[in-house]
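Below you'll find a set of structures to go through.
In what comes next, chain A is part of two complexes: it sits with chain B in the first one and with chain C in the second one.
This part shows the complex of A and B:
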């Protein structure tokens, strides 16, 4: 049986003393946490050990022979009587070699050297695997933090050696942030409560129309999302686990980056009269879109692509849609004096973050292309009714009908007048199908283009919202913090002496970091698979391809 | 390369002698037609009762030539009425027939037919299924108003479709009408046949020059395809002596009408009528003697349930 001893690298050159650590239950291994030097009082040693609350114990003795300390070996061996243990380790180091032996049996020993600071700060992923040996080692070191607060400049009764012996480590920035975070959180909390009360008031007074609007406008969705984030950041309690802390940190960093990018955008926008230029380009752009649509309709009303359409229906549909475009252009021209003001105030929203500016852009695109949406709905409804009617009348043609109760097609004996009228309608619908189908196709394509553009904007908003920048930064700058596992390197392998291995932390891969620490945003992803989408388009059902995960209205 | 599975040698000889402890040697166990008892015979053994229960040509009907000819006349009649319809359409398309004339004559024929239909209905049926004149008038009003209302739409339906396509579609649909027609019981009209005929008539009617032409054509189609078979059925049921006369009259009218437009068509129609009415029954009767159906206890069971006791 092989005994594994996890030995901290900082204790390699420590003076002789007692080994303090933990026996890992069920496995033949021990984790050494610190070395306590002579002189010491056993009661105080026991008190020191009980500090961390784990099942720590005195493992054995460590001896680094120096001149003038010849009697140390036998002294240390007698210590085993003071601290009665089941097993007693005796590790001695001669310069160049390290040997360990247990008191009773001379077993084969493997020394695994580890960097104590890194293991203490590291977090093993996946988080829920608690019973492997590695996880237990990491956990033991992490929980023994109170042990490491005693450095050599303390006037305490004990002298010990561990990674912080040379002096406690800390960063001024981190300490400042920690101090400042408490009042900041309180302030944020108060602000959020005020905002929530305001929102509730507005919702009550606005009624159902406001609710519908606020669930459709992406700006409102983004606003509610951000307020949720702020609420989660400003919660008064400290983060209970590493994951929660990382999530909070991710949210904070993403908000800061968002605001920074937004301010960058603002500084570009409000300089050099960009707002005025945009405003003056907007109305002509809308006009151009309308002219293009009119030309398209004229083309459809002729003989598009050589297809022969039913002239009467063609004219009717074409004129109907042309009238709609005319109405829309009048509205745009009505609005044109105030476009610049609207843009100016809208640009201010970029101060809240780039995501808000993008959401506002998406909403404005939706408003400007509202007529395309209307056309698509008309075309789709007409086509859907036609397809439905045709399928029902085709069943009549064959002498069958749909049994609603049994959800199947049954035969049916129709009356003469039913047959006659059904036949007339079938013929009419069949011959008018190509015309309707073409209009439907054209407007569906237009609508899909707009939806695609809006989808790109939403995806980028979601990306900014949910990308875990803090975790990724941690992975790049301090890779030992996010560990996927460990790897061992052989330091010294000589027959006759113990095997020495170095335990190095294997950092988590970047993709795994992103996947684990993604903020669950209201990610918009396609609602239907490709097959379902194509089927819906074929039948004429209205298609809303992007679905929002957290929206209750869906 | 193929593998052959060589069966093992048979366990039992064809005629076996069982030497049991009690039976005398030389006695054979009689074979029974059961498979659930192990017998000393192979599974595919048959004895001299084999095929005793075979029956040949059970329930075969003896056809008589002229009766079959009389029934086949109905098929010929239907083909001729399609030919009459096509003739009328040809006249309208060439402008030789005014839509007004066609409309009035259709109306007169409809009234005459309706009167005949009422006369031929036996008293008992009138009492058990009363269909008032008002209901008939209502149906007629619905037909006419719908057709008149839709005729401008129907006229422009096939404007953009090429003539060949229209002719091809109509031909296919009329063929489907003839094939799917319920010759045995034409009175409740079969859905597929009537619909196919109406589809073909709409296709053809939309080729005519004006919407009144379309309306007239559709009324004529209704008369020929929907109402005439009902009258014929009534005639066949209640005045069986006059039925063949009516069929012959329609056939002559069909051939004659088509002949005034194209002689080739008339000739074709005549040949078709002759083969359907005279040649096919001859074949049917002559080939009956080659019929060889076998029935036996291996047939699927047919359940003959008398449901009339449930209907009371």
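This part shows the complex of A and C:
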């Protein structure tokens, strides 16, 4: 069996002393955590090790010969009697060479050098694999934090060498943030409780209609989402695990970035009369859309693309839709004086974040194109009824019937008058099909364009909500914190001495970081596959392509 | 470090470097042939001839500048993501196996498999386009089920050496794996 000794790089030049660490059971390996120097009292050493962590023990002795310390080697060898262990390591170093041996047998030894600070602060992914050898080593180092609190400026009875010997490290910014986070969390908690109470009051007074509206408007959805985020940030307890902490940090950073982008948008919007310019461009744009639609309908009522429509049905449908457009234009003209005010107050919502501005834009687009949605629903319902009737009468044509009980097509004998009326209706529906189909096609295409635009807006809102900026920043600036594994490099050595390896941390790839730490937002993704969508369009079923994965049932 | 020349499945010469660090630790490096000047010249000339042809018809200088940009970006992407310079296999008895591939731009991708997860190293046959080739692969196992094969990791995928080279690597690996449990 090969003995593996994990040796910290900071102890490479330490003075002679005792090795403190942990034997990993079942794997024939030892992790050295610190070196305690002479002079020491063995009882104090034993007490210090016991209070620093469970399973820690004195592993052996370390000697770095210097002038004036000739008797050190034999002294260190005698120490094995004071600290009784099953195995005793004796590692000695002459400048340029490091060798180790066990007391009882000479077996092969591998020295794995590791950077103690990086291994302590790092976190292995995938998180649930806790029993691999690497994970055990990382855990051992991470749990021995009390051992690393003693630095050389302390006046304690023991002197030791580890990664914090030169002085404990800390960052002023991090400490300040830690102190400031407690009152900030309390304030946020209080604000969120006030807001929740307010929402509940409004919901109670509004009734079911308000609930329906609030579940359809994307601004309300985004508002509820953000309040959920704030509630999770402002929870009073500290984060229990590294993943929870990273998730909280991601949420905080995404909220800050969102608000910053929103303020940027606001500063552009409220400068140089952009709001007035937008408002004055909006009503003529709506007018143009209405005129284009009217022209389209006139074209459909004539002979579109050379097809000959059924004149009567054409006129009915065309006039019906033209009247709708006329109604809508009059409403727009009614609203036109207050458009600027609406835009001005709507732009203020960007102060809460860019996502709110985008959701508001999506809602406004939905309201402004409401007539297209209505036309689509009318056309789709008409077409759907026609297709349904046609399919049922086609079955009659062939002498079959749909058995509702058995959910299948059965043969059926019809009377003569049933067949006669069925044929008449079938012929009428069949010859009216092209007209309805054309209207349905045109309005479906228009609706799909609007849905596509709204989908793009929702996707960008979800992206801002769920992208893990903090984790990605950690990966770029401190790649050792998010580890996928380890990698080894053989250090140059002479033949005859033990094998020396350098263990470095293999950081997680950026795509894996994004996948692991994505905030589970109410992701907006296509409800049906392409085949199902095409089938629904063909049959005339109403299509709502973007599905929202929400916590409450709609 | 002993170096020997073998050939890969396409007939190109590759070099196998074998360095024995200790009785239970060996490193194998398979180096592919470098980017040939002829190929670079050929691809650059073809792109630029096409660009000049387009320029002759459209008289738009944006075509020429975009051709230069495309050539440069294409070359950088090729040496960073596509062209593998050498692949190495480091076998450390009782610790594990480390597989790494270095690209021509210096980028290295490394992955380490622990000894507890390795069932065996074998030479396997695979159907690759219209041929059947030999390749070296590591059989993985879950610690809970020591008899079932949980996964297969193929080695030396870009250089694809032939059987002679694979047998040499296989023998040294088996020596180390069998000696140290």
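Here is the rule we go by: the second predicted complex is superposed on the first by the 547 of 554 C-alpha atoms of A that agree within 3 Å, B and C clash if a C-alpha of one lies under 4 Å from a C-alpha of the other, contacts with A are read in each partner's own complex, and residues count from 1 in each chain.
Here is the rule we use: contacts are C-beta pairs under 8 Å (C-beta built on N, C-alpha and C of every residue); 3 or more make two chains touch, one makes a residue touch a chain.
Owing to the predicted nature of the structure, the values given are computational and were not obtained by experimental measurement.
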item	value
Which superposed partner A:172 touches (first chain B, second chain C, both, neither)	neither
Touched partner set for A:414, first chain B, second chain C, both or neither	first
Touched partner set for A:531, first chain B, second chain C, both or neither	neither
Chain B versus chain C as contact partner of A:477, first or second or both or neither	neither
Touching partner for A:312 - first (chain B), second (chain C), both, neither	first
First, second, both or neither for A:110, with chain B first and chain C second	second
Chain B versus chain C as contact partner of A:427, first or second or both or neither	first
Which of chain B and chain C A:396 touches, first, second, both or neither	first
Interfacial residue positions of chain A with respect to chain C in the complex	1-2, 4, 28, 108, 110, 112, 131-134, 485-488, 490, 493, 498-499, 501, 506
Chain A-touching residues of chain B, taken from the complex the two chains share	139, 142-143, 146-147, 150, 153-154, 156-161, 188-192, 194-196, 198-199, 202-203, 222, 226
Residues on chain C engaged by chain A in the complex (per definition of touch)	21-25, 27, 90, 92-95, 98, 100, 110-112, 114-117, 143, 180-181
Chain A residues within the chain B interface of the complex	308-312, 396-399, 413-414, 416-417, 419-424, 426-428, 431-432
